[in-house]
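After this come two complexes, each holding chain A, first together with chain B and then together with chain C.
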Partner chain A sequence: MLGITRQTITKDGKYYILLFIALLPLPLAGDYVTHIAIMIMIYSVTSASLNILVGYTGRLSLGHAAFFAIGSYTSTLLSMNLALNPWLGIIVGGLLAALFGLVLGIPSLRLKGPYLAISTLGFGIIVQLLLINLDWLTRGPIGIPNIPPLPGGMIDLKIKSNFFYVALTVFILIIFLLGLLIKSRVGKILIAIREDEDAALSIGINVSLFKIFAFIVSTFFAGVSGGLYAHYLRYISPAMSALSESIHILSMTIIGGIGTTIGPLLGATLITILQEVLRPYLEYRYLIYGSLIIVVMKYFPSGMHALLQVIIKGVRK
Partner chain B sequence: MNDVSLNVKEHDIFGIIGPNGAGKTTLFNIITGFYKPDSGRILFNGVDITGKKPNEIAKLGITRTWQIVKPFLGMTVLDNVLVAIYVKKGILRGLSEHTAIEKAEEILEFVGLSHRKHVLSEALPQGERKRLEIARALATEPRVLMLDEPAGGLTNIEMDEIIEVVKKVRESKVTVVLIEHNMKVVMGLCDRVIALNYGKKIAEGTPEEVAKNEEVIKAYLGERFYVES
Partner chain C sequence: MFSYSLIVEQILLGLMNGGIYAAVGVGLTMIFGVMKLSNFAHGEFYMLGAYFTFALVNSLGSDPFLMGPLSALGVGLVSVILNKLVFSSLYKELREVKGSAAFFFQDLRFIMLTIGLSILLVDLALVVWGPIPINMSSALTSIIIKLPGDFSFSLARIVTFFLALTSLIALYLFLKITKTGKAIRATAQNPAAAALSGINTNRIYDITMFISTTLAALAGGFLGAIYSLYPTMGLDVVVKAFVVVIVGGMGNLVGSIFAGFLIGFAEGLGGVYFGTEYRQVVAFVIMILVLWFRPKGILGRGG
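Right after this comes the complex of A and B.
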């Protein structure tokens, strides 16, 4: 179906299973490393979701954190106020984020380049202001603490090493699915639209429909990763929708390698580790991200992914 | 564009000529839905297609190529054609992947690009890019293929290759409408030709008739250089 052959699934699947197995013993390295790994995996999903938009349909979004925040607030509020199972809450959070994605996607069909970027920027600010000012619902700027953890039956998912395996499974599954989507017929059509919109129209591609589809998929997974984040850290605040957060996610995607499957994972890993290393110099972090983005755009337009390929080729020789 | 009417017969090769800025590409853009006409109608097999979207017009069977070629650069030659096949045959169900690839290879063979199928299209020289665009357009199984300067900017050898491809397209019962500056191409291929100047039709007929037409020669060379012969 969708032009994905069984060979692709088994071939790709093998790599993801290998990655899964390789990461299994990680919690042995202690709680701190486990925590960083969980954050990397959550942000990998967010960054990969943004990559659908930026990397495969060529649309710059400066408001992706808003969808992350919508996912996390939805899941949090549903679990706290209506006692909804957080697992279900995460899915509902993704769906609501996707609904907003659709609402933002339709008007932004007419916008290109910087104009689209500005509209997504505006969206992020609106969401942040709503989260701050709808305090009867969101508890305003102080945020929401004590969010219920994911229920794990017999297993206590408040323990980091246990949550790690949940995050790992979800992460591998989503990355695998997004990878397949890109290799599918739909993925090829998205790439065609990115490469040349007019040419895509001229061979009968309903460009608007696919762009909206990309918006929906992208924002859905941003919402899901937001939900995962909320039930892991168990504290959320309106700052999650800030422009700086969107740029944080965008840096991961760009530095890792836009339009590549593993780029977002590399980017999320680098940026998350950098953030830890640079913790004493937190106020300079965007200075460093900014410089990194400039260097990457200038010398490695396809990011760390390209760098990795060069290294692999070198090793093989 | 003003007051241009043209009738293209099925299975003809129909040429549009005219000096730069005459409105040839504009006419293409109007027919294929990229521009909307202020007035007038476009009929395709008796059905009014005026004001339809470009992708809808492509689905109906009119597919175009571009004066400045627009291949999907980051994709392989094969994928360029495959995408068009997916769109034509359906994404969810449609052809099996195996059949789709076979069909794409067949089309690449037709335009003489099968040896390049796994190359990224950005690596192709101009002549091959033009043929790739024709291949991609053919993959949509058009009834009318609209070529915007298929021989523009090509070497003589590349031009001969394109001419051969266009002849084969006609043999496969696809109507061709082409814009061309090169008279060798126009004379060698077209059954009928119209000439445009300043958005108006100034001549219509067989290539020979149009080439001898006073207005056409004036349009190309200017009033001063037209000498009564």
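Right after this comes the complex of A and C.
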């Protein structure tokens, strides 16, 4: 029904299992590298979720960090105030983010390009203002420290190398699911909407329904990754919904290669590592970051994914 | 509940801010109308205008209100150079894909380029002038003008407001009457036809960039004397300017001026009733209403 054959699942699954196995020994490299790897995996999920909206459906969002923040605040507050199991909290956080995605998605149906960009940007700012000012609920601008870690039964998930395997499993699972979604009939419909909305409409596709669907899926996984982030770093603040965070996620998606499966992973890896490398030059960090965005967009608009393909082709020859 | 004079004072203050929103928004809408470019770096030219003014005042020991126009011209030149370095070669590509599926990616590419530029310029200001807000004093800020009915505003605010108004009227006349102004409008309507009739469109793009950023920088220089200077000051303004542009209709000059005052007015009123912390939301609520009921802006899309 979804247009995915068993062969696609096993063929794709093979690659993801290989990636999973390849990453297994990573915690041996020490706590620092493990931490970076966890951050890369969390941001890969966020960036891949944005890719559904921007890369495949062709809707630009400058407020994606708001959904990340909604997911993390929901999960945090539920686990701290109502003692809800954080695992469940992460799912509820995703669902609430998706609900907000629906709320933003419906009025945004008719909007495109800069109009949608500014509406989503406004949404992000409003969420940030609410997180700051509803301090009876969110504890205001200072944020929330000491968030309970994920319960792991016998395994202590406060230890980075243990958390790494949780993050790795969730990461591989979500990336695999999103990859399948894009290969399914639904994914092809989304791409058709991106390529030509009117043509898609003329062959009987319910364009509005699928645009809203893209909003919901995208924001759900942004919320889930936000929850994971909250219970890993165990500190969250309203700054998570800031415009700069949305731009951070968007530049991962775009620099990695928009509308490709591995682009967001490449982008999240490059930018997270770059930020770490540039940490000693704190002041100049965004100077380099900004220049990188300009150079990539001017000379390699298809991002690192296309660059990688050129290299692979060269090696094969 | 609220005193009459407080409400009137907030509204007047809002209208004065509105003049600034209009000045920055008009530049943004011109760049959109002529180059089809959503310039997210526009607020940075406002910020640079303030810092250039500060640098001039600091080294020459003059008043911000004298140095503002000079620094605005400098910012205009910087923007033309940036336009040539980053965007010039890409306008043609963007034009060629208009209407096709590739347009979305080209448009996105432009938006990302301006975002990259914005990040770069903000950090540049941070490196050069530091993160601590700078106060720039002007002789005009200390002169308080008393208005009938118990209101008082600094002369700086009043001068800024009238200068913003004057430059908007001057811009309108420039676009309506002069040959260059007509060429700009022709390029906005149909770049290919404009090029065929002998208009050098690349030059028009440079001129448009110059005028738009000079206006923003002028606003930045004057407001810098009233408020304070900090590296991210442009980000707050560009968001407001985009709202102004959408409310007024993208590419519609008169619409932007009207929307600038409307939003300033609504913010003044909203600040009184909902508290200043939600002031920023007022503009977005207006934008959402406009997008809902009149998606092409209050006055429609302009040429």
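Just so it is clear, the second predicted complex is superposed on the first by the 310 of 317 C-alpha atoms of A that agree within 3 Å, B and C clash if a C-alpha of one lies under 4 Å from a C-alpha of the other, contacts with A are read in each partner's own complex, and residues count from 1 in each chain.
Definition applied: a contact is a pair of C-beta atoms (placed from the backbone, for glycine too) under 8 Å apart; a residue touches a chain by one contact, two chains touch by 3 or more.
Source: prediction; values computed, not measured.
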Review point. Given the touch rule stated above, what does A:F300 touch, chain B (first), chain C (second), both, or neither?
Key: neither
Which holds for A:S119: it touches chain B only (first), chain C only (second), both, or neither?
second
In the overlaid three-chain picture, which partner chain does A:G204 touch, first (chain B) or second (chain C), both, or neither? first
Practice problem: Once the structures are superposed on A, label A:W87 by its partner contacts, choosing first (chain B), second (chain C), both or neither. | Solution: neither
Exercise for review: Identify the partner contact of A:Y165: answer first if only chain B is touched, second if only chain C is, both if each is, neither if none is.
Suggested key: neither
Between chain B and chain C, the one with more contact residues on chain A is chain C
**Message:** Quick check for you: in the superposed arrangement, does A:F20 touch first (chain B), second (chain C), both or neither?
**Reply:** neither
According to the stated criteria, A:K188 is in contact with first (chain B), second (chain C), both, or neither; which is it? first
TODO: Name the contact category of A:L129: first (chain B only), second (chain C only), both, or neither.
DONE: second
Chain A residues contacting chain B in one complex and chain C in the other 194-196
The chain A residues in contact with chain C across the complex are 54, 58, 60, 107, 110-111, 113-115, 117-119, 121-122, 125-126, 129, 132-133, 194-196, 243, 247, 250-251, 254, 258, 283-287, 289-294, 297-298, 301
The residues of chain B that touch chain A in their complex are 32, 34, 53-56, 58-59, 63-66, 70-75, 79-80, 82-84, 86-88, 91-94, 97, 100, 136-137, 139-140
Within their complex, chain C touches chain A through residues 32, 38, 86, 90, 101, 104-105, 107-109, 111-113, 115-124, 126-127, 235, 239, 242-243, 246, 250, 277-278, 280-281, 284, 287-288, 291-292, 295
In the complex, the residues of chain A that touch chain B are 1-5, 185-186, 188-189, 191-192, 194-196, 198-207, 259
